[in-house]
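Which chain is which? They are A, B, C and D, in the order written, and residues in each are numbered from 1.
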Amino acid sequence: MNLSFLQDLLTHVGQRARQQVGLSPGAGNEDTALARLTESCHNLTESSGEASRIMMAQRALEDYQQLDHEQRLAFFHVLAEHYAADEARIHAAYAAYRESPDNANLSTLFAASEPRRQSLLRRLNLCPGGTYEIVRMRADLLKIIKQHPELKPLDADFAHLFASWFNRGFLMLEAIDWNTPAAVLEKIIRYEAVHAIQDWSDLRGRLDPEDRRCYAFFHPAIGDEPLIFVEVALCKGVPNNIQHLLANSGQTTEREADTAVFYSISNCQKGLKGISFGNFLIKQVVQELQRELPNLSRFVTLSPVPGFSQWLERARDEEGLEVSDLLAHHLQHDDWMNDEEAQQKMAPELRALAAHYLVNVKHRSGQPMDPVARFHLGNGASLHRLNWPGDTSPNGRQQAHGLMVNYLYEPHRIEQNHEAFSRNDSVVCSSEVKKESKANKELAKVPRRETKKETDSLPSKAAEQPPAPKSAADANDSKQAPESLEE
Amino acid sequence: MNLSFLQDLLTHVGQRARQQVGLSPGAGNEDTALARLTESCHNLTESSGEASRIMMAQRALEDYQQLDHEQRLAFFHVLAEHYAADEARIHAAYAAYRESPDNANLSTLFAASEPRRQSLLRRLNLCPGGTYEIVRMRADLLKIIKQHPELKPLDADFAHLFASWFNRGFLMLEAIDWNTPAAVLEKIIRYEAVHAIQDWSDLRGRLDPEDRRCYAFFHPAIGDEPLIFVEVALCKGVPNNIQHLLANSGQTTEREADTAVFYSISNCQKGLKGISFGNFLIKQVVQELQRELPNLSRFVTLSPVPGFSQWLERARDEEGLEVSDLLAHHLQHDDWMNDEEAQQKMAPELRALAAHYLVNVKHRSGQPMDPVARFHLGNGASLHRLNWPGDTSPNGRQQAHGLMVNYLYEPHRIEQNHEAFSRNDSVVCSSEVKKESKANKELAKVPRRETKKETDSLPSKAAEQPPAPKSAADANDSKQAPESLEE
Amino acid sequence: MNLSFLQDLLTHVGQRARQQVGLSPGAGNEDTALARLTESCHNLTESSGEASRIMMAQRALEDYQQLDHEQRLAFFHVLAEHYAADEARIHAAYAAYRESPDNANLSTLFAASEPRRQSLLRRLNLCPGGTYEIVRMRADLLKIIKQHPELKPLDADFAHLFASWFNRGFLMLEAIDWNTPAAVLEKIIRYEAVHAIQDWSDLRGRLDPEDRRCYAFFHPAIGDEPLIFVEVALCKGVPNNIQHLLANSGQTTEREADTAVFYSISNCQKGLKGISFGNFLIKQVVQELQRELPNLSRFVTLSPVPGFSQWLERARDEEGLEVSDLLAHHLQHDDWMNDEEAQQKMAPELRALAAHYLVNVKHRSGQPMDPVARFHLGNGASLHRLNWPGDTSPNGRQQAHGLMVNYLYEPHRIEQNHEAFSRNDSVVCSSEVKKESKANKELAKVPRRETKKETDSLPSKAAEQPPAPKSAADANDSKQAPESLEE
Amino acid sequence: MNLSFLQDLLTHVGQRARQQVGLSPGAGNEDTALARLTESCHNLTESSGEASRIMMAQRALEDYQQLDHEQRLAFFHVLAEHYAADEARIHAAYAAYRESPDNANLSTLFAASEPRRQSLLRRLNLCPGGTYEIVRMRADLLKIIKQHPELKPLDADFAHLFASWFNRGFLMLEAIDWNTPAAVLEKIIRYEAVHAIQDWSDLRGRLDPEDRRCYAFFHPAIGDEPLIFVEVALCKGVPNNIQHLLANSGQTTEREADTAVFYSISNCQKGLKGISFGNFLIKQVVQELQRELPNLSRFVTLSPVPGFSQWLERARDEEGLEVSDLLAHHLQHDDWMNDEEAQQKMAPELRALAAHYLVNVKHRSGQPMDPVARFHLGNGASLHRLNWPGDTSPNGRQQAHGLMVNYLYEPHRIEQNHEAFSRNDSVVCSSEVKKESKANKELAKVPRRETKKETDSLPSKAAEQPPAPKSAADANDSKQAPESLEE
């Protein structure tokens, strides 16, 4: 590939891009951001001119930022078509490997089959601030990918690199509190995806009182952009209602608290989808809190059950599940919030349905249908308690008829819980939940495992989540913190 | 691969290791550090138990540190033999790719042919401090590799990962001065590989006066371990003698200085061989200095010529080069240091030989024979001036008969110099040097290009440097700062 | 004074305090916070037990915080009555000094006449956080002092110590921006006393855009409590309206700006009254800005004229000043804000009155009547321009009928302006202002110097400000930043 | 005082200075540093020109630094003669006070009798770096003062200000370790006054191992200049020999250690004489260590006995004390170090003499003769154990025939020990030491209290220490850490 060829390519690419966006070929100024970007990428990978690579990378990323949606699509197609690999080199390397499958030939085959865009992305990363721009580039790609499944393999390349770049060993855990710079705090407000932070006063209530904590992972090359954060409340006993928990900020002293409650965990960077940190974050925060507050004897979550309403609706509509008239009435009219009597009557049936949903209803994969359950159980937590009503906000009623649950993290049981879960898909739960899960005989007739395309059963945003690419799941855990389904 | 298999494997591995080191099989306690390490590695890659990966990684690296030389060799053989790739998966992936060489199939083939040890190393990196331990692991491997060339492909895996992990975008440039923590400064003393730092007082002379600077690259995950550092003197004019330069510390004010002199550049981590930073370091330091000290108008090095003596000896011994009796006498007796008259007589001939060596004598690769010349010319510098006597220390006389040279970094010429060098192997030099390089007609009869195994022509330590693996050379430049040949 | 005496004293003090607050003597528990505090103070000054002074100081300050208003009054009376000085020692020291007025005898007299409460306050300062508590103690004293002028000498002791403790040499200038911890930023919101900050979004508009700056003085022992801060806008030209200035946040680039505008300066600590820092702050900020932004060629304020309305009212009511019917009408109805025609008609007369007020009307002291004018002119600024309407907020109309002015800080004239002002009370002003100040012949009949108690002529809050104690005015300037009259 | 008077004064001062140093009057250039300094001081105190005080202070301090010894003497005489107080104002203030000795008149008298140089020093302190320069100015004064006792009252003014400026509440405790900037560490080497630090390797041995700690007080305005520091060893049991303690660096783990040993405490700033911090430092370090290492159960010193040899010599020479021939011989020949047998024979007698010296021999003040004993006992420690031989270095033998002692800090006894000591001069000691102190009947005939000028009995450097001025002893303890007699 020489420079004149690239000129041709660029012209071609430009035309193609223009065609795709409905412009007539050749009509425009060749010196567009897309053309410059494509040329920079060529230079970065082909030219031997190392001396100015940092500057080239910088310009390329600046040009990328100026692209509109269609131009970005065109650019990703350039990456797909012109930054794959050298076929002949692969054939030769494979031939040698087939002949003698030793490490040297493996190494050569691996090198030959690495898509050239990986090298390109590494070189774009040379310039200051490059890492964050590449993360945002992948966020763009993920938005586009559903309409353009042919670009999926590109995503695997991003994911492969990010698994190295965002290895746990490179992340920094930092406490977020009222002494944190405002520039970071406003990002916490923006990225909170589970229980929205209304304003700075709300934020202060979650950070400043002695019974509140917040921790985030940062990456040194990404500056003050958090990757993921978790909000923690210190409580006496295990809380059962998110509105009460938020309202009681500052009511408990550090001394009194015996329970740390993880009540919100939010991924911040869409471009890091699949490179998730939630597992590591929770465990490191448990360690930090144990060290700082030896009085704490329990670590639980207060978590949403995002798939419950939808499953229940489908089970009733399609699978013949029948519920009592009382329950049917209240669910339909969503009118139980201020009616304590109704609540008492509804509770046993609703709890039994919910316990069944969490313990018995399975995803095609064999794991629990509920994504938040999958995350915490997969991390080695157990299902501790159902709380109803636990979240009476419109969102809480819409997704789970007001249900919340506690998952329990017991340091000495995490490993065995995890093993049981990952080998046998066993949902480790308290005896109380177990009993509730068997209470409703009616449910026997409903299938326990999803029979159709499972993503339909999840809220739409979660549904968009593609399976984590295998290579990304590598150094990090493959399960993304799902409490923040916005992510 | 199940756990009992692994037990077998471990026994086997242990025996093999023992056999290799001459121990009788089965004699020892199976629960050695090696056995534990091997088991941890298995768990890290095979078990689904993500929950305790960080702890497993930590134990594995602790066990690794307890291994002796032979056990490390055995461990590397475990990596070579049991952490390669799944042949069947490769064959299947290739078959699909041959059928349809699209990005999806490429992606699958790439994933299949990635040696499993890369995944293992990423997981070892999960624990705090892991990165540095893995860098040291590679340093061990590089020591072993000469006697065990079969391990070379392993090194490619380390190099591939390090090219991502130590991407320029992740490095931090920091000024080293007298306010730097002592824990870092003692490392500067230890790692200085060009002009040894005698003690703390010597160190202070290189850092504290207003005409001295020092800059290093650090990596966030490696804490206070520098990766590479460069020492700079601010001078009036271009200096010609390293002893004078060191002795004149503190004699020039920032205001007076018009020239920044890079007089020593040292790589610090043997385990990062081939992942070199010198190119980026010099250029970023030039930027820093230009910003801070607008008076500076020149950026030069004062560099050794490590291959000159050896080339000259060989040219005389094997290629029939004849030198004057005077020169022959003084070179043999190494007695010219305090004899100004002798120096004046010797100078023209010696300078002509040296200019010829630097400008005309080529490595088999076509690039200059001298490794320091290759580094700076490859970075886009030009060969500015020969200085004789420039280094009268025993080492300076031994390797280059006291010769030093200045390479000149001119920001606006770096790119074109680099292009000329990398395309045509042109040595860009001043007219003065060019003239000197043609002065000795005698040299016409000596071959200008190495005809035999080139590494013989280099000082032994440089000779050990294997060619940088292609994959490591990726995001970074492939040429390591060679001023510190110790590295 | 021995311990048993102190017991008596304490009993007495307790009774007195109780009597003052209407409790029957002897009725209560002797171990009240006031009793404990009084005892701690005794121990701190009298007991030789140095070993536990820090702890004693800590307890004393904790006890102080628990006192209610009446108990604090009682405590201040304890300080006044029992922590004065030893009369006999003073008489003896004076006798010696009269005999021989040498330095040794002066030193002894000085030591004898130092009120013992100064030593007490120094010892209260031993504990961590003590400094801030003592500052707040003085704030309490200042609130009480108007009703209890007998406590004024106590205030002089605080002021004497604070002049040493808060010496400019101990203060740290820090930039306040969007990376400043939220805990500090919320204090900026709270302490802003000139143009109130509505919320965090308003705050961000004053800190984050590239055309805004904020600087504060901090004291190392007082942590994140600012002492004083100034808000700066970078503008093209000299701004004439505070609402426009605030609304145009972010509209100017650093490059374009030629003028730095100090548009708000607020003292934060009531307890530091008279120990003012505004003079030093403005000058240091000018230096910082000159260094950072060489394009800046002008440093001005956009300042309120807090005494104008009141002076005008009095001049009309009591001194026979007659204004035009038009002006009288609009001032009375405060209805000119949206009536451009009225504004044009009113302007000349109003400006002439204002110019006269600022330039000619004097305080009993001979200095300008307007406190903000006194501050900036005393700092060496000149009166640059009247701006009308400059502040159409209710407060701006209430205190100055919407008038604002610019004071100009010209580094090379500061000294001579200051000299002229402080020697001859000359108001240095631009020729434009000078002309305006002579425009209204009517004013000739109004006295130019205050003839009655001047404080009546100032807004009530400013009126409360006692003359800065001489000893406080010592190392610092005696004129407090008066832009924030709340202080 | 007007400016022309000042001109006269300056001429006069210059002449006086010149006369004092033997120069002819009027001979020199009037525009010397001394003249400029004197003028700056005048401006700082008399001119109303606040605007440029910072710059004036800066210039004044720069001029001061250029003065030679004689000029500094002259400058101090200017301070003494022209910066005292206004006699008439004192007489008037006293008259009012005698009439009515109320707080208002006291306040006026106090203000009138404050020497004007205090105000001058506060204003010199306005400029950055001023504090440290003023501390060094006092160091100069203290050097001069012995030959010029008339300047003593000046010193009281410095001491009065420093008692405020260096109040414990303003000091910061910082751990000094191997991560401390080299610029601070080299000061630790320089200021160590008890057991000299040979070089950086010796320093590292005192800071880096896990059984060593070092803490220092810093003042925010004095940057990286430590005020005082203490070196600590963590040991198993109470150590008895300084050479062993230093040699065993790194031999004990944090876990094993049960005893923290303060083995060296050094004041760093001669200009802060009498403003001592040792008492606070030791107690805060005890707190830090207790918090960090709960295993520690004992806090002791390993301290020198600097006055023992001299006392013993005098008691034998002048007071008829007779020692055994054996002891006399060995003391004379100083030959016992490597002679274990001699040591065993000498020990009982020597220990008894030492115990007597420490427990019974008193200073004219009634406190122990030994300055180190006065310091620790005054801090509330008890005399725990004699160690012989405890310091076999030349210095240790010269000052105390090799004796060292442990003082024991028991947090719960500090207060009562201190009380006993300060009320009754009781030396609280272990029963063992008590017994030893009574063992030698011979001593009955020697006077227990110093009968002649005591300072003669101390090593010369300690002897130079003037009694701490009363005003300096105010907020801080009056006893300076005497372990470092150099100070």
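The rule we apply is simple: contacts are C-beta pairs under 8 Å (C-beta built on N, C-alpha and C of every residue); 3 or more make two chains touch, one makes a residue touch a chain.
Which protein is which chain? UniProt says A, B, C, D = Malonyl-CoA decarboxylase.
This is a predicted model, so every value here is computed, not measured.
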item: Topological distance between subunit A and subunit C, in contact steps; value: 1
item: Centroid spacing, where centroids are CA-atom means, of subunit B and subunit D in whole angstrom; value: 53
item: Averaged-CA centre spacing for the pair subunit D and subunit A, given as whole angstrom; value: 62
item: Euclidean distance of C-alpha centroids - subunit A vs subunit B, Å; value: 40
item: Multi-partner residues of subunit D (at least 2 other chains); value: none
item: Chain-to-chain touches, reported pairwise for every pair that qualifies; value: A-B, A-C, B-D, C-D
item: Residue numbers on subunit C that touch subunit D, as the complex places them; value: 48-52, 54, 80, 84-85, 87, 90-91, 94, 97-98, 101-104, 106-107, 109-111, 113-115, 119, 122-123, 125-128, 130-131, 150, 152-154, 156-157, 160-161, 163-165, 167-170, 172, 220-221, 279-280, 283, 378-380, 414-415, 418-419, 422-423, 470-471, 474-475, 477
item: Subunit D residues touching subunit B - in the complex, by the definition given at the top; value: 178-183, 185-186, 199-200, 204, 224
